[in-house]
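The next part holds the structures, each set out as structure tokens.
Note that chain A is present in both complexes that follow, paired respectively with chain B and with chain C.
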Partner chain A sequence: MARAVAARPGRRAPLLVGAGLAALLAWSWQGTGVDLPGLLGGEGLRQIATYVARLFPPDLSARAWRDAASGAVETFAISLIGSLLAVGLGLPLSLAATRTLLYHGILFEGRRLGPGARTARVTLHAAGKALLNLLRTIPEIVWALIFVFVVGLGPFPGVLALGVHTGGVLGKLFGEVLEDVDPAPLEALQATGAGRLAILVYGVLPQALPQFVSYALYRWEVNVRAAAVLGFVGAGGLGQRIHVAISLFQEHELLTLILAIYVSVTLVDALSASLRARLV
Partner chain B sequence: MYELTGIRKVFAAGSVALEDVSLRVGPGEHVAFIGPSGAGKTTLFRILNLTLRPTAGALVFEGQDVSELSDAELRRVRTRIGTIYQQQNLVGRLRVVHNVLAGHLGRWSAAAALASLVRPRDVAGAGRALEQVGMPEKLWARTDELSGGQQQRVAIARVLVQDPDVILADEPVSAVDPSLAVSIVTLLRDLSHASRKTLLMNLHSVDLALGYFPRIVGVRDGRVRFDLSPDKVGPELLAELYAGHRDEEQELEQLRDGKNPFGAACRPLPGFRK
Partner chain C sequence: MARIPSAPPADRFPASGSRRLFPYLFTAVFAASVLFSLREAQVDPRRLLDADALANVAKFVRGMFPPKLTGEFLGLMARAAVETVQISVMGTAIAIALGVPLGVLATSSLMWRGVLHERTSRTGRWVLGFAPYAASRAVLSVFRSIPEYVWAFMFVRAVGFGPFPGVLAIGVAYGGMLGKVYSEILESVSPRPLETLRAAGASRAGVVLYGLVPQALPNVVAYTLYRWECAIRASAILGFVGAGGLGQQIELSMRMFQFDEVLTLLAILFVLVASVDVISGRIRGWVA
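Entry: the complex of A and B
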């Protein structure tokens, strides 16, 4: 039975896409007012140099040390508690956002869901996705402004802001991991008569856990940087002290605080890397 | 045990996997299903273990029409049907003990199932099952560190723990090497014989089917082509069953020449002796 070899698909599409991307790039360059001569020309460069020179030397007085250290500890704590809150929020929401656990795929081929049950599950899935999108698309800093208004100044609104935004991010990522697990073991578990919850803890979660841990650690690294910024709107940590230092032209203390950010971020990156090596 | 009438399965994409399959299997019977790949044997087994719903037709298990069962009843019936798959049906990241004890999941409450992951219940039972398949020393090994043949034996141990009335084995030996294939087929046959279980097996190799099973069902293009005792399954019937499937035709040719991949371990096949 001889069949014709398939013809090579046309190659016009990539050219069109390329031209479109180039146009988009040119338009964006124009629209954002990128001004390289202004930045790197004589005057701009001189201003950068003057400001950097004014930062030196860092303020190493006991008061500045104390300030930087307590800010760094607070930033670290905000990122840690915020990330844990995010896992606690994202994990249950991700279950609601996973079609393969609700109404679609291998676990639902043995029996048709009743029309009422199916509608309820499709609605739950849509609601879960919509909620995750809402949490995720509003940036941490906007959440922080909202929570500062609700619970007042300090590290607590920072924790809430990171928890809520990152909860949305992790919920989406966890949901994708859950939908991607190998279905063959789930089918086998279902065939033994196992219930949904047993299939989840014996078949789905063991497969998903390494990626869950990996994503959570990565978001923790992101969050320690984010926590340093949240202080600008009054949500505690190094950011709050940096905001004060900039406003009061305390350039030497500013440098001390920037160094403290550098140290905290590096520390969390190292900690996260060693945890990942152990757990994943 | 099983009574199938006019079973038809059409997948969402419109392909017809099974067409008008009618079949009766009595308690304690041993039946081998053969036929070219893509004939619908796996689909049939998924319908038989109640994880796939037929598009039309009636499936009666032990006098009960399966389509009329509630969710809870469906789960209860599933506990009485044990399935062994071709491969990759275990959870690799769990220890062997948990994969074996998964045979209990149909009976355990969710809380008991969860607790067992922390502190395994019925370790003795899991150990006994592993002893029966000849690898008790692997109880605490991580499952993905085992070879394909060892994993297949873990799957059999899981079915032993489940202790069903029917064992469905879907190509249980096509992913293991020939010498092991014979021992797995005989193990399953002897185990189900001893405990009077019904055994249904999909087999890729005609010689294993004819050599070890008293009843052979030939499936092609989603239909049952013959349902005979092995001495009635001759070369012409097999040539017809596998017509157009080149790999399998070549294997038949080797059988006809008196060669079989399982060597002396497999009984000689009457119809094929030169």
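Entry: the complex of A and C
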């Protein structure tokens, strides 16, 4: 059986994957208690429709406007500073996570490292990777809970949460970019006798920078969405106001706030796209 | 369009006023928004280093060890982890069910532009093509711009607590993302094979089936799997708003200051996410 599969992977693999996916789906369907006929046919859909109908019209009083506007501005601020903090954390960490900058490859062929220095650098690389994994695995909303516990309520813990989590993500992405740069310019620099730092500054970074900017902008777009919900755990922004509006059954005001999220997200996407076109 | 032989950049873009000013303008606006945002977000690094904050950090780190590993707790958390996986699978399935039709409707090359519609009348193109195209793009934009937590929060209000609102939230939010990306993939396929098929007299269905689908499928599968990975992370924390899974327990333990439980939960989350990454990487290897 196993040999037959190995011999003709093209034939059997799709069937196996299909069967596996079908089983997974059936198991999940049963486990989550999703009642699709009920949802499409009656009760569920009616409940959702009733709820949506209750949201209209949006609350457009001066107070609701002010609330939505200040929430949107705060969300924007959290996402911007959080993303900058992430770049500040991710950049140095990515250097530690890049094998080709620490002990492996072209930079180290001319001048070999002593065994002690090499061990130290291999350890630094492992530690950098592990730290990035840790930062990235813990979701931003859990980081927000932790920072709310540490520094108290408000937008500041939201900034820290976005910065730390996104720092982990960007560190990994930047590291991949750094490992993928074209080695030819580095070889040319090395042939002229340039030191490692000079090769990093004049050979590696100019190649990597456009992709760094592109990734940072992409994560900024992600972070606006995240900043809009971190308030659920007390970390400021629109989320905090949404939490209050939902908890107090202020449905009309909720719709105003949701519109504010929609507008902020769309604006930041457009801004980021135009910056990407100009800068990258 | 004819290809213009490449000229040095300076010749291609004669330095206009706005182009020379852009770096200064950009720097000024950027600096101003950073300063404004620093104040608006109440950023104050001293708050991280004052005695209270340091004491809290110490309390948190000390509280995490040793992690709570009693059989009863682990059994309970295993159930939550299973539920998290199931929510992500069902949510992704609903997202595909929403994303495929909406994505197809939002593809201009399928609806009103290009080789498939050369022989369609003008009114036909606008009424049957452009109108549904614009409507589905608008729907997709609303679906994906509202974060999944907000959807979950609203679905909890509409259909009650439990995994079901989590499934719906992931289905709607990810349906919007999948639909948009599907339409981008469909639009970016090479038009050559489609034109060849058309010239050979293939019907519209034939062009789509033999020209479009084979080109688009690997990317569609790869992106869907990537979204499933994201869905696991999302469903793990949707519980923060009462939509089942591990998140509910993480929030509870955090609020009760049971940091030993938090550590166990984060470890479970780590294993879960890592194994899904491996599985979906495998499937991607088979398909692509």
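What we mean here is this: the second predicted complex is superposed on the first by the 245 of 280 C-alpha atoms of A that agree within 3 Å, B and C clash if a C-alpha of one lies under 4 Å from a C-alpha of the other, contacts with A are read in each partner's own complex, and residues count from 1 in each chain.
The rule is simple: a contact is a pair of C-beta atoms (placed from the backbone, for glycine too) under 8 Å apart; a residue touches a chain by one contact, two chains touch by 3 or more.
Just so we're clear, the structure is a prediction, and the values are computed from it rather than from any experiment.
Asks: If we overlay the two complexes on their shared chain A, which of chain B and chain C does A:Arg225 touch? Say first, second, both or neither.
Replies: After superposition on chain A, A:Arg225 lies in contact with chain C alone.
Asks: Which holds for A:Arg112: it touches chain B only (first), chain C only (second), both, or neither?
Replies: Once the two structures are laid over each other on A, A:Arg112 reaches chain B alone.
Asks: By residue count, which of the two partners contacts chain A more extensively, chain B or chain C?
Replies: Partner with more touched residues of chain A: C.
Asks: With both complexes overlaid on chain A, does A:Gly31 touch chain B (first), chain C (second), both or neither?
Replies: second
Asks: Name the contact category of A:Ala68: first (chain B only), second (chain C only), both, or neither.
Replies: neither
Asks: Tell me which partner A:Pro206 touches in the superposition: chain B (first), chain C (second), both or neither.
Replies: It touches chain B, and chain C stays clear.
Asks: Please indicate which partner A:Leu173 is in contact with in the superposed arrangement: first for chain B, second for chain C, both, or neither.
Replies: neither
Asks: Applying the document's definition of touch, where does A:Leu102 land relative to chain B and chain C: first, second, both, or neither?
Replies: Neither partner.
Asks: Looking at A:Ala13, would you say it contacts chain B, chain C, both, or neither? Reply first, second, both or neither.
Replies: Only chain C is touched by A:Ala13; chain B is not.
Asks: A:Pro185 contacts which: chain B (first), chain C (second), both, neither?
Replies: In the superposed model, A:Pro185 contacts chain B only, not chain C.
Asks: Quick one: in the complex, what on chain B touches chain A?
Replies: Residues 46, 49-53, 71, 74-79, 81-83, 85, 88-91, 93-94, 98, 102-103, 105-108, 110, 113-114, 117, 155, 158, 162.
Asks: Which of the residues in chain C come into contact with chain A in the complex?
Replies: Touch list, chain C to chain A: 22, 26, 33-34, 36-38, 40-44, 47-48, 53, 56-57, 60, 82-83, 85-87, 89-90, 93, 141-142, 145-147, 149-150, 153-155, 157-159, 162-164, 166-167, 233, 236-237, 240-241, 244, 247, 250-251, 254, 266, 269-270, 273, 283, 286-287.
Asks: For a test of understanding, state which residues of chain A touch chain C in their complex under the given definition.
Replies: It is residues 9, 13-14, 17, 24-25, 27-29, 31-35, 44, 47-48, 50-52, 73-74, 76-78, 80-81, 84, 137-139, 141-142, 145-146, 149-152, 154-156, 158-160, 225-226, 228-229, 232-233, 236, 239, 242-243, 246, 254, 258, 261-262, 265-266, 278 of chain A that touch chain C.
Asks: Can you list the chain A residues touching chain B in their complex?
Replies: Going through chain A, the ones touching chain B are 106, 109-112, 182, 184-185, 187-195, 197-199, 201-203, 206-207, 209-210.
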